[in-house]
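After the structure tokens below, expect a handful of questions from me.
A, B and C are the chain letters, set down in written order, and residue numbers restart from 1 in every chain.
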Amino acid sequence: MTEFFQQLINGLAFGSILALIALGYTMVYGILRFINFAHGDVFMLGAFAGFYLAPKIAAVLPTPSVLSGLAVMLAAMLICAVIGVVIERFAYRPLRRNPKLTVLITAIGVSLFLEYTGQFVFGAAPKRFPQIIPVYPIAHLGGLSITSNQIIVLVVTGLLLVTLRFIVLKTKIGMAMRALSFNPEAAALMGVNTDIVISFTFALGSALAAAAGILFAINYPAIDPLMGILPGLKAFVAAVLGGIGNLPGAVLGGLIIGTTETFVSGYISSTYRDAIAFAILILILLIKPSGLLGRKEVEKV
Amino acid sequence: MKFRHAKLLLLVALAVSLLVSLFASQINPYALFIFYNIGINIILAVSLNLINGYTGQFSLGHAGFMAVGAYTAAVITNQFGAVNPVASEALFLSALLAGGLVAAMVGLLVGLPTLRLKGDYLAIVTLGFGEIIRVIFQNMNAVGAARGLSVMHGWTNCFWVFGFAALTVYVVTALVHSTYGRGFIAVRDDEVAAEAMGINTTKYKVTAFVIGAFFAGIAGGLYAHAIQFLTPGGFGFMLSITFVVMVILGGMGNTPGVIFAAALLTLMPEGLRKLAGYPHLGWIGDTRMIIYSLLLIVLMLTRPQGLFTWRQKYKGAAP
Amino acid sequence: MTANNATENSLLRTARVTIRFGGLTAVSNLDLEIGRNELVGLIGPNGAGKTTVFNLITGVYQPTEGGIFFDGQSITGSKAYRITARGIARTFQNIRLFPSLTAFDNVRTAFHLHLQGDVRHALWRGRSFWDEEERIGEQVLELLEIFHLGKFRDAPARSLSYGDQRRLEIVRALAARPKLLLLDEPAAGMNSSEKTDLMRLIQFIKGKFQISVLLVEHDMQVVMGICERIAVLDYGVKIAEGRPDEVRRNPKVIEAYLGENP
């Protein structure tokens, strides 16, 4: 029973991290109908931003503490938001009128660029992420080991989701985002500045990915420039599972994949772990391609 | 282009490869290995071009088919071994063909359920299948799992490599330049219109997939018997992306361009490595992949129709 | 005309065909019949569901209710390419040629339906392959010449003028050797003299190839000019049907059209 709870908490924590990344994929896809392959690498950059910022912040604020942890995360989110906007502006925007395939290849190029530059600048060897937040054991009986780190993931994710919901549902720009996702031409005709909304979407998604990066690094302190590849792919699967373009779906998808992976890894075999997400992807695309919460899109002829 | 003499050209190519392979011992082994790689990459790129370039199906899992062919052929030759030169060649050919066929079956398995997906979805699913294949091999103890598989017989030579390269080019080109083959391009250009013209688009997509997978499997077998050691990690999606880059660089649906691109991209790392050896150019070695990825981005921004396309810029229907 | 027994003369028959998209009923209880060698027009205000009817007939959409019968057999739920093989071909509202193929090849794709050979023949390239390719080539050129497009045979389809592209699309549809040709707003974007040419073209096609034509068109000059019979759709429902002069005077039709003008 304790084993079950352990896996559950681990799975939910990992799933929350996937959910945060998945939101970025789904928001961009909802508006531009395009998979931002480089999104997983923004997650990686968030972790590394945190890595390099932590000592600077430690010089100013007491560390480890909630305050310093918060500062590191917000700073990383800001940096990655900027990075996301820059990528969109220079690599994707010029190709908006081109066939989808072209911008897909470009996204792959950007992803590779970020990974290899990361290896060049940061070094390929894994680094140890510093402790920016104090760790308190929550439960420690028998085989069960829950620390505050995992709870923090759940709490922070929850807070970010609430904030995101507020932005999307209650602000003008959130409404513009939703309008764009339904009908870009009509939204533009209604006076929505498409470019700004798209930039904002990228900024938002990248900030969430950065937060995911920090949360991930807190729990699994070994970071390296290629760490974003698999979580990125799995998060994309999560977005598809939930219904691409659907925000709650992305969260649901992330949690499902996170828990399924953890349970299969724990109870059956850990060597097949990475294949789980893809197996789920194939299943959902065969059974219900529009995803669990998605709408069926009818092609207009 | 009528290609009336395509079969003749094929025979000539086979004869030339045979001739070259007889003199192969004169060439330095390292250069020879690069030479083999060019041929193998040509097979992979041209076969992928049928799927991606001509039929417009974005497949990101080509390395998976290569892996299937590689492991299948290796297991067969390891099992049966060499008896005499003639039997060895026969065994090698059988092993290669078996590898191709198994890869083709996997292609059928992958293609049938997934080919009703569009563009980016198909890309991710094929990538996923490629990863699943990799993970399966990683856990298959019969082929050495993650430790790798030793291939006992290094039977790959110029004749086999360039013979099959010529065959691949022939098959893809002959297929596409026929009334039947125009269907592939129709599927790429406009699926709805293609269906309206009586073309069974699913059948075409699956056919392209299966033929592409077959040749990828053959390439895998040739690769296995050249490098003589296989690891599942060596067939990841980075490799698949390399083949996609070859197709893009050469120009989707432009077979001569893709052949050039395959050769170019095989030689480029070697070239860069050589350059890095010169004083003041050492930084090239470390930044090789960064330059590569930047080139990819720049290429897409400036010349998405590929480096070797002579037609005007094609801003036609989205895939 | 009862909707329940197939009259010997009818080529195409829809029986109470309905299609719903989520909460929207795009076409409702449509009974439409087209006889052999008939030129029928389908008109109605914008959004009436005319293209949807085309999509239903050609198998792009599957009806939610009702059945579609062609040449005596049911084609309800059949796949688009199979329906084309039975003898229905179409053009599209927004021209859908294959942009990267030449005019010649665009027409050639429709000959795929009548191919004797397959993959093996294309690869082996024996005598029978070349013979068939030559035959097909001759037929393609013949068709192109009839419509004065022969000189464009090697030009990429996207380089043709708008009017020529429209004609090419019709030629391509004819290459499929249909018994029923569906034309979706072929007069769109044409000036008066081009429309006159189009009208003559459609009548020529009907006569030469002995086929039926179902025409969706907004332009009343064209519709009234050549259609033998007209069906009028409004909000997915057939509100009138009959000869052009009957339909023109039908008060329901007038109201439907006037109603859409502010």
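Going forward, a contact is a pair of C-beta atoms (placed from the backbone, for glycine too) under 8 Å apart; a residue touches a chain by one contact, two chains touch by 3 or more.
What you see is a predicted model; the values in this text were computed from it and never measured.
Stepping chain to touching chain, what's the minimum from chain B to chain C?
Tracing touching chains, the least step count from chain B to chain C comes to 1.
Based on the averaged CA atom positions, which chain is farthest from chain A?
Farthest by centroid: C.
Indicate the whole-number Å distance between the mean C-alpha point of chain B and the mean C-alpha point of chain C.
41
Between chain A and chain C, what is the gap in Å from one C-alpha centre to the other?
Centres of chain A and chain C (C-alpha means) sit 48 Å apart.
Just give me the whole-number Å value for how far the CA centre of chain A lies from that of chain B.
33
Find every residue in chain A that makes contact with two or more other chains and list them.
301
Could you check chain B for residues that touch two or more other chains and list them?
192, 316-317
Please set out, as single numbers or ranges, the residues of chain C touching at least two other chains.
Answer for chain C, listing residues that touch two or more other chains: 60, 92.
Show which residues of chain B lie in contact with chain C when the two form their complex.
Where chain B meets chain C, its residues are 3-4, 6-7, 171, 174-175, 178-183, 185-186, 188-190, 192-201, 207, 253, 311, 314, 316-317.
Residues of chain C touching chain B in their complex?
On the chain C side, the touching residues are 58-60, 79-81, 84-85, 89-90, 92, 96-101, 105, 108-113, 115, 117-119, 121-123, 125, 129-130, 132-133, 136, 156, 158, 172-173, 176.
Where on chain B does chain A make contact in their complex?
Those residues of chain B that touch chain A are 58, 113-114, 117, 119-121, 123-125, 127-129, 131-132, 135-136, 138-139, 192, 241, 244-245, 248, 252, 286-287, 289-290, 292-294, 296-297, 300-301, 304, 315-319.
Can you list the residues on chain A that touch chain B in the complex?
The touching residues are 34-35, 91, 94-95, 97-106, 108-113, 116-117, 119-120, 233, 236-237, 240, 271-272, 274-275, 277-279, 281-282, 285-286, 289, 299, 301.
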